[in-house]
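One chain, chain A, appears in both complexes that follow, with chain B as partner in the first and chain C in the second.
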Partner chain A sequence: MPDSADLAAIRLTLELATVTTLLLLLFGTPLAWWLARTHSRWKRTVGALVALPLVLPPTVLGFYLLITMGPEGPIGRLTQALGLGLLPFTFPGLVLASFLYSLPFVVQPIQNAFETMGHRPLEVAATLRASPLDTFFTVAIPLARPGFLSAAILGFAHTVGEFGVVLMMGGNIPGVTRVVSVQIYSHVEAMEYSHAHWLSGGMVVFAFVVLLALQSQRPARRS
Partner chain B sequence: MTIEARFSLSWPGFSLEVDLQCPGKGVTALFGRSGSGKTTLLRAIAGLERVEGGRLVVNGEVWQEQQLFLPTHRRPLGYVFQEASLFPHLSVRGNLEYGRRRVGGGDASHFEAIIALLGIEPLLERGTERLSGGERQRVAMARALLTRPRILLMDEPLAALDQERKNEILPYLEQLHAELSIPMLYVSHSPDEVARLADHLVVLEAGRVVGAGALTEMLARLDLPIRLGEEAGVVLEARVVQRDPQWHLAQVAFSGGTLWVRDKGLPVGHAVRVRILARDVSLALRCVTGTSIINTVSGVVTGLGEDTHPAHCLVGLDANGTPLVARITRRSAAALKLEPHRRVWAQIKGVALIT
Partner chain C sequence: MKTSAPVLSIALLWSGSALAGEVQVAVAANFTAPAKQIAADFEKKTGHKAILSFGATGKFHAQIKNGAPFEVLLAADTTTPARLEQEGDAVTGSRFTYAIGQLVLWSSKPGVVDDSGSVLKTGAFTHLAIADPKLAPYGIAALETLAALKYLESVQSKFVQAENIAQAHQFVASGNAEVGFVALSQVMKAGKITDGSAWIVPAPLHQPIRQDAVLLDKGKTNAAARAWMDHLKSDPAKTVILSFGYTL
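Right after this comes the complex of A and B.
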């Protein structure tokens, strides 16, 4: 049976994934819109930067985040100047790291959805007197709904599954930064295999349900 | 009351050079082959294509001039796209309300009138994916009209439909033509649609206007029918004068005489539009009897023009003020010694009553 430390890790993981996903949808949507619509020469560069976490080892990302958010890093200096203290080994630090780590998983599905709808629906809305902002909320977002659903599911699931970045950035502080994946690692290190089984099995079920949910998205997209 | 449009743009492989004035009422057809720039011109008028340095004045309102560029959503226009672009996330009613709400709703009677005009009452609560192509296009037209536009722009609204669906929609378009007071710009490459709907015709070729004017005059111009190919012919405004129930024929009168056409049930006195294709008109120097042709009209040759094939030529006639065009072989033209001012009899094999 999972003990109280396990339950705390599960709660923390869900909290982290929820907060991160919400922030990703909030900031990822305008970014995806810009990437889908712009003819700027910076489009490729920004697109590549967003996709970087896809190919980078999580430890590398975590290492540089640790440096930049540390006392000598630019973000660290900024947060200290603002009186926020230092971010590494705190929950907000974990959120920021997860945000960057899961960014492509949220931006790309939304960007694809915006690109697939093309210009036509937006032009139609303009001929029906809708301003660009009005069009964005009443046409673009509703039409990109399948993209948003995929983005939310992938962003959430990917944040739940992260390990390397958390370990580098957040360490292993119970109730603060010890998420499920790190908890499993601790159990295994301590040879507590039955505990590890409970959590790992749960993760397998969770992953399966997520993929099933994504599959069920497909017929909806076809129509 | 005019629409003045001046646009010039150049893209790789395409340029548009247009300085156009068309009447601020009735249907003006922008006619041309694909790639002639008619859709680009319509998009420029709608503000969907931004042509720097262009100028556009619609019935006295400046929409574009020098630094001024009214964005599309501030232009009081209705636009019907080639493929009905209904919003899939909204029902038919939701689609109709989308534009209507943004111009302040308006009274219910206007809504009812537009719905009735396009016959879409039974579709209101449906989802858009359950409509046929023709139904979608009718909903798109109603949606555009519900914004109370001051000009209606239509980009080949029938092009994506099969003939059956076209025939389903054309009566509605004719109805719009008859009942709406706003001007319409209608992009088309179909001479048939132009003949049925247009009052004015603008012919575009390679981004340039090669002819513009009233439909009847334009169709009779011998330098333009070549662009209509097989479909060259004239359109006459006429009136039903009598009906012959025994043979199911109706007689219509125009300034140049009378014609028998198939009786479509229209009452005596009804104004009609009649189309006579050049290939259905043959010429004789005398009034010939003993033939199956029931329509013969006398007229004077006004000129001869080139046709698509060198074996043929087009002969322009003046039938007491009404222009007619006949397509005959050059050999016949030579044998009959056709030349301007010569009186001939036009034997008309086919007359289509189009409204």
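Right after this comes the complex of A and C.
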């Protein structure tokens, strides 16, 4: 059976994934909108930057976050100047890391949804004298709903599955940074296999349910 | 049939390495720096190559139990090699103590840690890095020290746990943890602590960190593995070990 430390890890992981997903939807939506609409020459550069975490090993991200968030790094100096202290080994630090780590998983589905929608619905709304903001909220967002659902599911699931980054900058603190993946790792390394099984089995079921939910997002079309 | 030059040279290289031999050594993270130096001397002297892997002792135990290809283990404790011998994964009678470790409380900044470790009493830090006591003997020694000084309760909430002693050092070196318990060998070069400030924890505050080496079952018939064990006992190797702050 999972013990209280395991349950704390599960609770923490869900908290982290929820906060991260909400922040990603909040900041990822305008970014996706800009990427889908712009003709700026920066579009490709920004698009590539957003996609970076897809390709980079988590160790690279973890290493650079540890350095930049440290007392001599730019983020570390900023957070200290703001009186927030240092971010590594803290929950907000993990949120920032997860935000960057899961960014492409949220931005890309929303961007795709905005792109497939095309200009037509927005033009129609404009002829009906809807303001751009009005159009965005009453036309664009409802039309891009499947994209938002995919983005939320993927962002949440990817954050739950995060491991390498947390291991490198989390410090394994119970209730603060010891997420499920790290807890499983500790169990396995200490040969507490029955504990590891409970959590690992749970992760398999969780991942399967998530992917099933994602499948159901797709229209059941046959070719 | 004609044998092309590249094939021939590969064949030659292959036979060369077969003659010289290789040994896969699992090394406790605290012993990283001396092990590299000893491996270089070993190769010069015997022609054998030592392939080193670094990590937490507890983790190596789990890996060896699950078929890891290691032939020698340089542990950070005595219990893990003894257990492996008992469980039939190591060669009986091959165990010996190659070093006795020194625990230090270390900060990467000068003036933070004085020579009586009073920073533990004042608690003037946000994070204290230790190696995971479940996996690393230096983590256990850190807990014993804090318990002996009766500071365990007051500083426990400030722990950041590293996977092994190398990561504990990295947390402190990057300044993200102001202080941390690391191995003296990690902060000592040629008999001197060169960086930051440190308190060498007096030996009576924790169980001695006796570090044992053991020949594993996988290395039983490997001449290079046996040569490595002999070299580790030799005077040149001992000189290297002592220069990193270990006792013997």
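To be clear about the criterion, the second predicted complex is superposed on the first by the 219 of 223 C-alpha atoms of A that agree within 3 Å, B and C clash if a C-alpha of one lies under 4 Å from a C-alpha of the other, contacts with A are read in each partner's own complex, and residues count from 1 in each chain.
As a convention for this text, a contact is a pair of C-beta atoms (placed from the backbone, for glycine too) under 8 Å apart; a residue touches a chain by one contact, two chains touch by 3 or more.
Here the structure is a predicted model, which means the values were calculated and not measured.
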Fit or clash - chain C, chain B, common chain A: fit
Chain B versus chain C as contact partner of A:123, first or second or both or neither: first
Partner chain(s) touched by A:67 [first = chain B, second = chain C, both, neither]: second
Touching partner for A:133 - first (chain B), second (chain C), both, neither: neither
Contacts of A:145 with chain B and chain C, given as first, second, both or neither: first
Chain B and chain C, minimum CA distance [Å, superposed model]: 51
Residues of chain C defined as touching chain A within the complex: 56, 58-59, 61-62, 65, 126-127, 129, 132, 134-135, 159-163, 170-171, 174-177
Interface residues, chain B side, partner chain A - complex: 46-48, 71-74, 77-79, 81, 85, 87-89, 98-99, 102-103, 129, 143-144, 147
In the complex, chain A residues that touch chain C: 66-67, 69-72, 76, 85-86, 88-89, 167, 169, 171-173, 186, 188-191
Chain B contact footprint on chain A (complex, rising order): 120-121, 123-132, 134-135, 138-139, 142-143, 145, 223
